[in-house]
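We just call them A, B, C, D and E in the order they show up, numbering each chain from 1.
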Amino acid sequence: MNVFVTPAMLAQVVVSGILSGALYAMVALGLALIFGVMRIINVAHGPLLMLGAYTTYFLYSALGLNPYLTVPVSMLALFAVGVLLERTLVFRVVDAPELSSLLLTFGISIALVNLAQLLFTSDLRSVEYLTGSWVVGPVALSKPRLVAFVFAGALTGLAFLFLRRTKLGKAIRATSQSREVAMVCGIDVQRIHLITFGLAAALAAAGGALIAMIVAIQPEMGQTWTFKSFLVIVLGGAGNYPGALLGGILLGLIEQVASLFLTTQLSEVVAYVLLVVVLLVRPTGLLGGRET
Amino acid sequence: MLTVNGIRDDLMATTVLEIERLTKRFGGVTAVDGVSLRLEAGRIYGLIGPNGSGKTTLFNCITGVERRDEGRVVFGGGRIDGLKPWEIAQKGIGRTFQLIRVFPELSALENLLVVTRDNLAAARERALELLRFVKLEELRDEYAGNLSYGQQKLLEFVRVLMREPTLILLDEPAAGVNRTLLNDLLDAVRHLRNQGRTVLLVEHDMKVVMGLCETVFVLDHGEKIAEGAPGVIQTDERVIEAYFGR
Amino acid sequence: MSKQLLTAYELVGGYGKIDILHGVSLSVGVGEIVSVIGPNGAGKSTAFKTIVGFLRPRSGRVVFNGEEITGIRPDVVIQRGLAYVPQGRPVFPQMTVLENLEMGAYTVGEPARVAKALERAYELFPILFERRRQKAGTMSGGEQQMLAIGRALMTAPRLILLDEPSLGLAPKFVTLIFDKLMEMKRAGYTLMLVEQNAARALAIADRAYALELGRNRFEGPGTALLADPEVKRLYLGG
Amino acid sequence: MIRRGAALAALAAVVAGLAAYPGYASGYGVRATLQIFMWIVLAGSWNLISGLTGYVSFGHVAFFGAGAYTGAILVAKVGWPWLPAALAGGVAAVLLALVIGYPCLRLKGPYFAIALLGLNEVLRALVSYFEGLTGGGNGLSLPTLDATIPIYYAMGASAASVTLLTYVIITSRFGLRLMTIREDEVAAEAMGIDTARHKLYAFLLSAAGPGIVGALTARDQGYIEPISVFPLATTITMIVMVLLGGKGTVWGPVLGAVVLFVAQEVVWARYPYVHPLLFGAIIVAVVLLMPRGVLGLLQSRYRLPRTI
Amino acid sequence: AQGPIRIGASLSLTGTYAKLGRNQHEGYKLCEKDLNATGGLLGRKVEFVVYDDQSTPATAVRLYEKLITEDMVDGVMGPYSSPVTEASANVTEKYKKVMVAPLAATTSIFKRPPDKKRYYVFMVISPAEAYLEGLIDMAAKRGLKTVAVVNEDTLFSKAAAAGAVDIAKKKGMQVVFQEAYPKGNTDFAALLTKVKSLNPDIVAAATYFDDAVALTRQMRELDVSPKAYGVTVGGDLPEFYDTLKANAEYVYGATQWEHVLPYPGNHEFFGAYKKEFGHEPSYHSAAGYAGCLIYAEAVKRAGTLDADRVREQLLKLEMRTVFGDYKVDQDGFQVAHRMVTFQWQEGKKVVVWPDEMAPAKPRFPTPPWNQR
């Protein structure tokens, strides 16, 4: 059952890979932020994304809001959820060893998924808004994916500018390096943590809102995304924000190209093997993350 | 000048460490720039130089914590550059770190026990003696991470002694240590020398350097700018310019 | 005696359940330099951390500039005009030297004042200007110490607490730093420092304290302590 | 000394009780206890590498899965008896650990964690892909065989071995050296400790147990499939158990395994629809209230020795 | 009088199969209620004891052991899903408990080599292999020649795909492509690009749920437009249409059961279920309900709960339930129940196969995407 791969097919697959890669990058950026600033691997990132998707779904189905307009609303809503989680639970483990925070967020993640199951049931939901594709030469560009790509690119860019250029952004980076020294500089570290967590949740929500228009929404949809986001930030270099972008696009490409030449099943294997190879050559990711 | 193979027998017997044209760069900065040194057994050497002149980096290159870019390091008759840090340590080089690195969640006592291969009872005996020496015996079961800055510094110092290395590299052992204890510390270093060990010491406290060292090397911008007895060094124009200030 | 800028009364406290301080009192008057000396583990750093708010005292009070600041968070205390240079390596390792200094001016609003402060820091420590684009974590130990002091000056604080400022500095810079401290005093800053380099610390101090085992042991003008044979024997190494 | 004697006597009594247990227990009692043993082995093994060296293995279930498939294939396709098959499962897991430990243990912190997570995924995908040998997504079904009681003893022996091993390691200098890796690897190397080799040994030791119990579980259950022997949830459960009990201690994993298993079993019976929520809450509570685990808490509060 | 008859089951109330397992649970609950309303069983009330196995076989194995040896239930009913049944059947066999397994569709659970034979487990639904039969059969009758088969790599879906391949070959068709994808996969761009390049007449997908939706969407985006396209599980859910709207039109689906099918009592079951639980039953609900009634019928006929006597009755029994026909061969393998194939037509599932049960004709061929 050999399929002959034509250049057109390859082009199609590369384009699809880049489109999903940008989405990976945006979602992963949130994870990278929390990891960078708070040294927390937030396993609840995917479930937050899931809540973002539901927010979009309800706004769309109940209020009939244009789903793209729900993106900022979802982001705001999840910013609030993020802030709430930080204030009530997460702040207690900021000083604790890596493992504590990892488990805490894992607990939160289980709770969120099951809460969603109780509240929203496991029924599949979806936001059917843009469908079909634009055809450019041999390549079909999925409409919802292309728009998601544009949104993801823009949001990721904004997030970078924010971190590099604004005072608050710099304070976030400073706090990520030494809490004690940040305090000594008069930075309200607790507020920075709040904002960071909120921001990361908002980025996850943006991902959720965009993904809602691509795949079905259900309480367990987040896990894969947590997973992929990990891959992305490790690939790019944990705590390295531009690395997340590179890692995301790369992961999207690897997955698709490997699926084309091998099978979808093996694409995961290829992605991980490549990850390990990258790490062996560059033990802190492609763009070099921070040693822990 | 010595050649690679032409080391004379009497030198073989006394040369402990020999560094030849060692260079280490970090991006644009050349932290160590073609430094050559020779250390003989049973002596105390000083390594001084302004902040950022490459002293710690030199230590790191000797002990394998950093990979040198060029040059060679010969210790105990064989090349050690390129070896792993633990291999170098097992060959008999011990060191302390400028920015303290004790094992924070091991007790003070365990910090010492863990580094030797002696049988446990003998090691314990010795470790307690060393702790007593730096006035830490009461804190022996305290986690090392809970000790004060100076206490950790002292703990690190005795941790090196625990291993009885032939060559000891001390990176600012006196920094942050109280003057009273300091005298004991200096005695300890002299005692090490008297046992035939070699000590290379980075220190900014001139009293310590003058009081201890027989030979002092001076680094500036990664280059060795002077070498000699402390009294001589202190009057060297370049050293005064670079290090002591006017 | 001049007006008290900072007073710590009878501080008792430490880490978790273990008390380190058993009643330490320190005070600084406006325009003074006060030095704190004592053996390793005496509780000097602990006292500073308690004053700044990293640790909450079990009892005792801290009054700064007429206001009670006992148990208030460090960032709030710092906004009130107190600067603190912790012991060790207090920089943001992954940020550039320039960014580190900018963060020092976090509480300062106007860019003009920040630029001014930057200039002052560069003047004091030219290496910081040279290395302004280098990541702070890759600077040598002494360079990092200079950066930390430079950063503390970015806010033009009313009182600066320095925990072993000369730690790991080359003689040239030790001299420089002690000179600068005097210079800062003349310029109207108020300073309190912990030092193991006790002789020099006492020499520049208006007043000084010696702590031991979490209690005040000696107290008096710097020169008096310097001359005290007991102090000499205990803390100056003979 | 008296206290030590009393503790040993109590321990002996527990062991004797457990040995006699199948004589009067229900089938469920035996199987539940057997699964507790399995968790003790898993948690204890994870503790060996992650609790001591601080290298968080996020893919430890991979060794369980590798053992399960090795054992199942040997039983189903080659006709081995279950006991040698279980040992072969352990050997296979150790070999796997050797192959991947060598490169992966060079990675630090989250990189190591993710690489191992990846290993687990890769293994699962490969098992699914090579259908001829493994049955792929169809899983492997073993001939029906009622060996629950012998397997109970085998599991019990494995649990005891892992615990004993942990005790031996923690009281030895080898154990202390492993801890220096957790504390400060650079300093450890500078003190002459060959960290690479120490890590690898710990890793190999930590793979054997899961491999053996993986094969035993496969035999006991009679049917395995990729999703059910490589779930991330199993790794997480191991970690929660160790954390609950106290990582880096001898009895922490045992305590954590027993307490968590029993709690889950009780909760399940009562609240079938919401128990994951409760599990989540338990995890959160453990982390917030007892970050060093029960024994860790006792240890630091009362300065107990490491050997508890 | 004696206490109630207690029937134990472990179900996937949480985890991967939660949604389906819960429907099955509701089927059991309704059956319990109906039995008790008509005087119970053997003159005793019936009471279900249900645990949650979190969709994992290991847990289910333990729970069946608990039900049988600890809770001492009088009988057991099957869990949800083939893998869980496969593992649990070892326990029920060991204790010689009859287990009617209403939601295990994998042939290999029942058809086993002589040394691994099982005696006490009984099948209710049609085997997985039959899921795509209708689609292939209809397409063959209309002269289509080439088939692409894709499937999720799990026990059930693989069997369904294998069945499709077999049937297609038997009918002289050519299978031009077959590929499995991992569970949870939702991005099919590369896979569909390959399918598209082969331009098959039929795309037969053995799916579970989200993947059915994602696959359909991406077929539209990449303009993969076969003359007939069908999915297995997931395609029958109302959400499938709600989600895809017009894009679900013309899609074929297979189901074990539909509430419109003319089985005795089906209509009443549908009404009662909706009233009881506030939502429509799925085939899992109906199979659970029917499976429970089949077990009860066998007990009634045996007049006892004794496993071997009940087993005899179950082997002999021929029964028509709300779920359709029940009859098994000597292995407990279902031989009477028929699958139906439907097509989404203007938002309705219209049964189009087999002909004798089909009220309408399929809309054939499926037009290109932009004309739907």
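As a convention for this text, a contact is a pair of C-beta atoms (placed from the backbone, for glycine too) under 8 Å apart; a residue touches a chain by one contact, two chains touch by 3 or more.
Predicted, not measured: the structure shown is a model, and the values here were computed from it.
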- Note on the structure: Joint neighbours (chain A and chain C) are none
- Taking each chain's centre as the mean of its Cα atoms, which chain lies farthest from chain A? B
- Message: Let me check something: if the centre of a chain is the mean of its CA atoms, which chain is farthest from chain D?
- Response: C
- Message: Tell me which has more C-beta contacts between its two chains, D-E or B-D.
- Response: D-E
- Please report how many Å separate the Cα centroid of chain A from that of chain B, as a whole number. 47
- Report, in whole Å, the distance between the mean C-alpha point of chain B and the mean C-alpha point of chain D. 43
- Distance-wise, how many Å sit between the C-alpha centres of chain A and chain E, to the nearest whole number? 36
- Task: List the centre-to-centre spacing of chain B and chain C in whole Å, with centres computed as mean CA coordinates.
- Result: 29
- Going by residue number, chain C touches two or more other chains at none
- Query: What are the residue numbers in chain D that touch two or more other chains?
  - Reply: 125, 128, 273, 276
- Residues of chain E touching 2+ other chains? 14, 153, 180, 182
- If each chain is a node and each touching pair an edge, is that a line, ring, star, complete or other? other
- So the complete set of touching chain pairs is A-C, A-D, A-E, B-C, B-D, D-E
- Query: Which positions of chain A touch chain E when the two form their complex?
  - Reply: 1, 3-4, 6, 9, 12-13, 16-17, 20, 114, 117, 121-126, 128, 131-133, 135, 140, 142-143, 145, 214-216, 218, 220-221, 224, 255-260, 263-265, 267-268
- Item | Parts of chain E lying in touch with chain D, wherever the complex brings them together | 13-14, 50-52, 54, 56-58, 61-62, 65-66, 68-70, 83, 86-87, 90, 93-95, 108, 112, 115-116, 118, 152-155, 157-159, 180, 182-183
- Task: Please give the residue numbers of chain D that touch chain E in the complex, ascending.
- Result: 26-29, 31-32, 35, 125, 128, 136-139, 141, 143-144, 146, 217, 220-225, 227-228, 231, 268-269, 272-273, 275-276
- Note on the structure: Contacts from chain C onto chain B in the complex sit at residues 15, 38-42, 45, 87-89, 127, 134, 138-143, 145-146, 164, 167-176, 196-198, 233-238
- Message: Can you tell me which positions in chain A touch chain D when the two form their complex?
- Response: 35, 41, 89, 92-93, 96-104, 106-115, 118, 227, 230-231, 234, 238, 263, 265-266, 268-269, 272-273, 275-276, 279-280, 283-285, 289, 291-292
